[in-house]
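First the structure, then my questions, so here it is.
Chain lettering (A, B and C) follows the sequence in which the chains are written, and residue indices restart at 1 in each chain.
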């Protein structure tokens, strides 16, 4: 069992720091597998193709946001505006997605563009004003929510075209479209982080900003890049959510940023910057999704669900910490 | 030999291993009252492990430590502190927001009236007496954060004395001190000696050791090598003991022809730091930048490298005027900078040797942004072997290397960006003699390749041994440009000390 | 210098004048009355509808409104009511955030001698008047419809609103009252969807996994969640076999009822609540007799009568 876990984890790739040290820690993957096994043993409904498909579909929105925020956290920043960006971009998409009005490309481009723009705004303010990202994105969190309410006049926008709704509910070869998006984005983000100079620069900026600058790295451009990535991915998440519930909702996405940050941190991204991996984040998001799905299957009361979720999150992170210390 | 009971500290046959690696392998040490013992050895010789055991941070695997004739068995810092063993750390551990007196009495505040009610008056009075005794003109009420590094160190010493320390361990105490401050420190050491306090003094600086130490104990690779009176050891034989081999010539001879002018600086100024600096460096030449702490040497290099903005002046590279607004610009124009502050400006925690090496030249290994892994790895491997970096592999974390090897990796990073001029800022600070020698050889190799070198150093022998010409700064102004023949310690100091 | 002092005198006098004006408006009957309105959340469509109606009626009656959004925070709501009292408004209309936590606001207004009218939901402290609907009743209507459709027998799933809020507590209470009358109607599972469409959809997807076709009906505490559950059932191809009923009759839900995808919703009359709130306030101000509890009846909306409710 242990061997299997280790080899799986090594295949999946470890976070930067661990990889550099040549030590495979596998706390989170282990926790994830333990929880999956426990759930599979306690309910026969858990380990079925349809249930697993549903889990991944449900996880896709959080995972998209978590990938974005992983870039940001690796550079030592934070993005609290994600939930609001999901709402704004969802509303923008819905405004242009009524049947027989605009071609499908219009809501797609507008939603992603809105995310890119808001993310760019975050990045610009953070790099130019030197105000901490926590404060800036706290501001855009409120601005975004306000914009979503203004654009939608406080009401949900429904009656969206079927082709648009396909993004959230359609299937290709039996695979839900959100899962396909998730996989493509995961591969793209992993490559960007691990194989390109920009990914390397992100680690450098988060590891030691001064040293990164002194090494000739365009620190400000990298920061702009990560907030723009984060915003665009929030736009994509907004599209998926809107298409999934077939409505653009101004109050959608509340608290999504916290789930996304939780997924990244559970996945081993250090809040102080400089380390983290997309694989870890994906496992983190799946862990959260599996716990929520499993507790629903077991019909655990929502009061207990919240407690259990919190305990598991803290436990998983402690486990990971112990593993690192032991290494 | 005197009777054993006059020894305040006797360490014999001490062993300590960390996971299979022998950090101490049969080390011994004897210390008398009022003696200054210099503990010497290259990095990794076992000095810090020995000190950690003495102050109770670590415990030994086997061996005996006699403190005033009784076995010292404790792995508790507070206990050893109470018994009278204090250590002045390289990185000073104090609470910046508290006052001098509060720091000195931290953890053992005198109280009155109520439990927990601090008796301020007593505390400040005692501190004032103590500071006066040490001949320091500090106020007990100043917050720690407003003090200079030297002053903080003095406060540490004051704290040790107020703790009735019988043994004070000083780990590289002068690494951040100016010459004047060093003089003060040595006076205090002499006073402490007179009062019977024994001192274990750890330093790489031979000149200091000769001035201050009575006895020298040398360790190498965790083993005890020798203990000799300081007067009997000259520099060469001491180095031979430490390195285990003879370094025939610390500063290799220059053999190169000087070429065209590479870097020209004209009337460079930065308000509040330095003004009106002008110099040229030719290909293959080493220009020394000498001066006291705070003379503006590092500041000049930072402006040339684009880390800070100039307020006036021009920079030319190979005759072309260039605008340098950021290190990115500097690197593009062929300027490299090896910072004095390796941790803050050179290394990125968590990064591997390979990734650190290629950080400044990464674009060269990439097509469409994607890094060609084999190309990068090949280059890193070649650099590691060229620079003789001792590392377990390209994947090893750069922060886990010894100081000298870290320095080589950071230098490798600078060199991989193909600079025409490299500015070395205190390149040998805190690294051992063997690594120093290698850095010197590297500087010679660079000049042989036609690279121009600017060398900032506080160690005059380094400046004199390596530089073709020496520019002396004093209080932000250039006071002399000496040729290699003219440059000697007296003349440099004469221009460096403010009139 | 002179000009400056003249200017500050002007500022000061305007300040005093306007201040006197406001505090005097209690007695001056010819003045426009001022009513402070604090609403639970302007992000909720139903609440926005109530608020719009209050605005409309106030304009017709020539009343000046100060409308604020409590953003679901009872604390904020109390502060807003305190500031209404300080501004010397003539009456307050409050759409309470919470049963207990918003009660101090009522007590403060009454202590200051300002009439306060609760609209839509209740507080523990009794206000001057209550205008709204009995939430317990809405759930009774919905659950009774389910019971009748299923012939008193089957498995029901309930999606709660945000746990602990008045509407959730009362809607659960109403649903359970009806379930008690039908011993063969079994509550299979219940969980909170936090009033949110996406959350309810995920919840329903998970339930489909564990119960599948055992489920006969779903009762959601509001339409948003009902719509989410319905989407999940439709995606799973189960909608034809499972009944979905929710409360509020938002436009989306009405459309779904018209299409036949949502089986029923319960219409809570936002317009009536809004207009009755203003009317009651005016009655109190004009010292006319008024009812202390104005209950607006709910109406069940099914495919048969949906046309009446679609604008």
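A few remarks follow.
In this section, contacts are C-beta pairs under 8 Å (C-beta built on N, C-alpha and C of every residue); 3 or more make two chains touch, one makes a residue touch a chain.
All of these numbers come straight from a predicted model, not from anything done at the bench.
In this view the innermost chain, defined by its CA centroid being closest to the centroid of all protein CA atoms, is A. Across the assembly, the mean Cα position most removed from that of chain B is the one of C. Once the centre of each chain is set as its mean CA position, chain A and chain C turn out to be 34 Å apart. Averaging Cα coordinates per chain places chain A and chain B 44 Å apart.
The geometric centre of chain B is 70 Å away from that of chain C, both derived from CA atoms.
For chain C in complex with chain A, the touching residues are 42-45, 48, 160, 163, 189, 191-192, 196-198, 201-203, 205-207, 209-210, 224, 227-228, 231, 235, 250-252, 255. Residues of chain A that touch chain B in their complex: 16-17, 19-22, 191, 195-198, 200-201, 203-204, 207-208, 210-218, 274-275.
Chain contact summary for the complex, chain A toward chain C: residues 43, 45, 48, 50-51, 54, 57-58, 61, 149, 154-156, 158-159, 169, 241, 244-247, 249-252, 292-293, 296-297, 299, 301-303. By the touch criterion stated above, chain B contacts chain A in their complex at residues 305, 307, 326-328, 330-332, 337, 339, 344-352, 355, 359-360, 362-363, 365-366, 369-371, 373, 393, 395-397, 413, 417.
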